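What follows is chain A paired twice: with chain B in the first complex and chain C in the second.
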Partner chain A sequence: MAFGLRWGGTGVFLATEIRVQFHEWLAIVTGTLTPGALLIFVAVLAPQLIAVTLIGSLVYSMFLIGQRVRIDHKLNELYHASPLSPEAYFVGIAGGMLVAYLPPSLFVLAILEILHPLSILAWLVLAACLLAVWAVSSTIGYVVSTLFKDMKTIWPYSALLTNLFGIVPPVFYPIRFVPTEWRSVVLLLPTSGAAVLVNGVAGLETISGNEAILAAAALALESVVMFVFGIYWARRMARER
Partner chain B sequence: MPPEALRAVDVRKVYHGRGSPDVEALRGVSLALRRGERIALLGRNGAGKTTFLRIASTLLIPTSGLIEVFGHDVVNAPETVRPLIAVVPQEGKPFFHLTPREQVYCYLRARGLPREEAKARTEASLEKMGLEDVADRLSVTLSGGQKQRAMVATVLATEAPLLFLDEPTIGLDPFARRAVWDVLRDLTRKGCTVLLTTHYLDEAEALSERLYIVEEGAILFEGTAERAKRQIGGTLRVSIENGGNHREQFASFGQSVEEGNALHVITEPERVHEIMDVALREHLSATVGPVTLEEAFLTIVGRSIDAE
Partner chain C sequence: MAVEVNLGAQPQKGHVLAAWGLIGWRWIWRSPAAAIVPLLQPFFFLYFLHLISDPSYFPLQVAGAMIFSTQNIGSWCLSDSAVFRIELRLQDIFVASPHDKVRYLFGVAFSNIIPALPALVALGIILAMVTSVSLTAWLVIVACILIIWVLYSAIGIAVSSRLRSQREVWPVGNLIFTLLGILSPLYYPLSRLPPVWRELAQLLPATYAALLVQGSLGLEPATAGGLALDAGLLILSTAIGLALAWWLYQWRER
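On to the complex of A and B.
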């Protein structure tokens, strides 16, 4: 009951969300593997960047999956007016996305391991970065979707956010292509920060110690702050003013 | 334990618009539901019914006033109230990518019911709502009425002590509506209390023991359907074909309303034969029937609109 949070029912609701996600398995597979299509272009045009692109596609997919959060307001009401706490509801939704994301991502990871084996440290950094991106992205997806009454109106915003966070910054390409004056900015973004950190630890590109610290600190802070905000927002949604 | 399942005292709700004027959705609503009662909240669109239901079900904070559910304040103790209630939201949709069977079962499990009990209640609820044949189809493939039945089945399976149903039978065929009525009657026999909103006045009459009529955020009427009908000046309606040209001759018998070529006169049973005598003299055909709740509703709400 720390901070008045109640987690009873989280596991059961998480199981519900996983069921929902796996009924949409084709959407998950295509959503997660679509960035992998870039691999074909990269393999042809710049084969030396293929490992960077694979890591980028993992980060991008993790961000994308959060943007697939669709909250139906009426389902919100059904669950909020029940013993299931809003925080359990939010974590269940976000967790369902994470679990659904794993199987197709394992496929991408297997290709990465074949083409560019990672050290244990790089694996740990990759896992931590993906979890941080998940925390940020699922909160953004949840909060954005609660702002609209009709789920269809969310789609353009999801696409906009995905492009802003996943395509424009150096997620699929190395940070060395970014002008020096912009490097600090892109390191502050959760997606490009995560990709650059993993690439750096995996030896795929060179970043300074200060840049690594900046990216790691920003990502850690963003993930914690955003996840706490997601819980706060869920509680707020259960008690509108 | 208090005798009331729900007690609302002077509940007000003002929505503060951004750049638009404030809207006073509830203007001092007071009402009470005794345990085991079925109560209908009637009103025009935008009258404040859903706002009241959302406040009572802990989803919305009132601007002022008090609402207690089984003696617990919904504003200060929502965590205590929530296990005691369940809500069918207006135009609610089930999870599109769950089957009705999964939807009901998962919801019961999320509310803390043990597996076996959740399974048994799921099957019983699907059967009562006539959803056995589509129980394993994804909701996205169901018709609108089937989706609505899945939502109702989900909530009624909880057997929560206090059920809020916001237009639960909208879009349902007459058979499905009656199935919902039967389940609600059954649940109140078991001790559940039901507060529902509906625009089907036959449903309100068939189902509710008392009803409240809400208009512009205030309660205009509280009582039984019979009492509502008596409020409009009679219990019978005499409909006179082509009676519009003879309105003055019938004016003394009671309130009269023209509808197309017909003139409807609301009156008491003892005056019916006098009206029939006049109609016969004028060679007009007339039929007699009971006043409906719809007529009472229109009159009560209409009076309020006229008064404004």
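On to the complex of A and C.
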């Protein structure tokens, strides 16, 4: 199949998915509640950390968007039976989620800009890191969803993943709270690596050059490898139907 | 062909709670992650709060996590009763059976407290390790947990009876129970909240449960009169909440 044909229909499917998701406005609003709760905890208990937590909230929201790919997965078989290519399906569904769930993040971004204005470089790093986290998380969400048959069974695993990637590592809090021996490990995680990089460029945290290189290289590698794997997995799923 | 059945003549009692308990246990047994995640959930929050806040708040936060975990049972009840009604059509069978709606409500609530119990026990042990807990305080904690369990389970089941599709379950449950969890001062003293928020929090039963527990543990200054008032307000707000849940609850489809 020619390269162009493989991606045929992506735009239409993306637009469809965006429209479908905008019908779920309640899910979009409630998706902000967990990061909102953590922001409130920080505002009440440690207001000096609010800018770091706002950046963490953006990273966490992006990870959560990827995890939502699982929710629409019941239509998987129908789409795989259609002329739509597996890669167009995966990119369309992940992209649709990204666009639909972006408005709450823009609101958080506006608050961040008021409390701690970002430089152009910090904006670029933030955008790149958020896209990388989305790529990793969309693949995890999609692959995990194909391993289960009912929503109730998926829920605990999804909750476990969002907590392990979003709450435990330094996403909502500064990396200086992490013991030195664990710093390299948390920099390898896509969520905490992204948050630390943005915090570093935004002047909210001090990280060494080596730590910045480690976090950036790990995040770039993970996002590319995972996204390619997501496409491979979508093709495999289509073949099995 | 419809058959007239005298439901009154059918057995009305039996091992209903044990059967519902078994449903709760079977879910854990079939899906180990389902047992581990509710157990870990309050600890993830506690870990985060421990890092960002004054260490002197830790006992208060452990006690708050016990109430928060109990509140969350309501969300699980909402999810379960929605699955039973919408997806499995199981509620229709219960409606047609001699199993009345109060037993059904308690059954769903009982089956959902089972996965939460290990977390509550673990939090209780941690609480005893980080602060001294008198017998009275334990009794207050258990009473508050039972009250919050009944109330929030009733709210969850009542709300679920009005949902039309499975897709509404997660956002509606998340909206109600996360908001209720954030508004009540479970992880910090009420005095740390801004005035408007404080007044809003004073409308919620979990706030009085938290104040009672914090006061009985000696974590916040409280007089005997103040604790009695908190207990009265907890009972009053719970009664209002249960009445609202009863009004909202739809047992039979129209």
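Quick notes on this structure:
Methods note: the second predicted complex is superposed on the first by the 229 of 241 C-alpha atoms of A that agree within 3 Å, B and C clash if a C-alpha of one lies under 4 Å from a C-alpha of the other, contacts with A are read in each partner's own complex, and residues count from 1 in each chain.
Following the convention adopted for this analysis, contacts are C-beta pairs under 8 Å (C-beta built on N, C-alpha and C of every residue); 3 or more make two chains touch, one makes a residue touch a chain.
Note that the coordinates shown come from a computational prediction; the quantities given were computed from them, not determined experimentally.
Superposition of the two structures on chain A shows chain C fitting alongside chain B with no clash.
Within the superposed three-chain model, A:37 lies in touch with chain C and out of touch with chain B [touch as defined at top].
Of the two partner chains placed by the overlay, only chain C lies in contact with A:45; chain B stays clear of it. Residue contacts after overlaying the shared chain place A:113 against neither chain B nor chain C.
Shared-chain residue A:24: touches chain B and chain C both.
One geometric descriptor of the composite model is the angle centred on chain A: between the Cα centres of chain B and chain C it reads 80 degrees, in steps of 10.
Within the superposed three-chain model, A:163 lies in touch with chain C and out of touch with chain B [touch as defined at top].
When the two complexes are overlaid on their common chain A, residue A:177 makes contact with chain C while staying clear of chain B.
Per the superposed model, the minimal spacing between any CA atom of chain B and any CA atom of chain C is 5 Å. Chain A residues 24 lie at the interface with chain B in one structure and with chain C in the other. Chain A meets chain C in the complex at residues 24, 26-27, 29-31, 33-34, 36-38, 40-42, 44-46, 49, 71, 151-153, 155-157, 159-160, 163, 167-168, 172-173, 177. In the complex of the two chains, the chain C residues touching chain A come out as 31, 33-34, 36-38, 40-41, 44-45, 47-49, 51-54, 57, 79, 83, 166-168, 170-172, 174-175, 178-179, 181-182, 187-188, 192-193. Contact residues of chain B toward chain A in the complex are 54, 57-61, 78-79, 82-83, 85-95, 97-98, 102, 106-107, 109-112, 138, 151, 154-155, 158, 164.
Residues 6, 8-9, 12-13, 15-16, 19-21, 23-24, 72-75, 77-85, 238-241 of chain A touch chain B in their complex.
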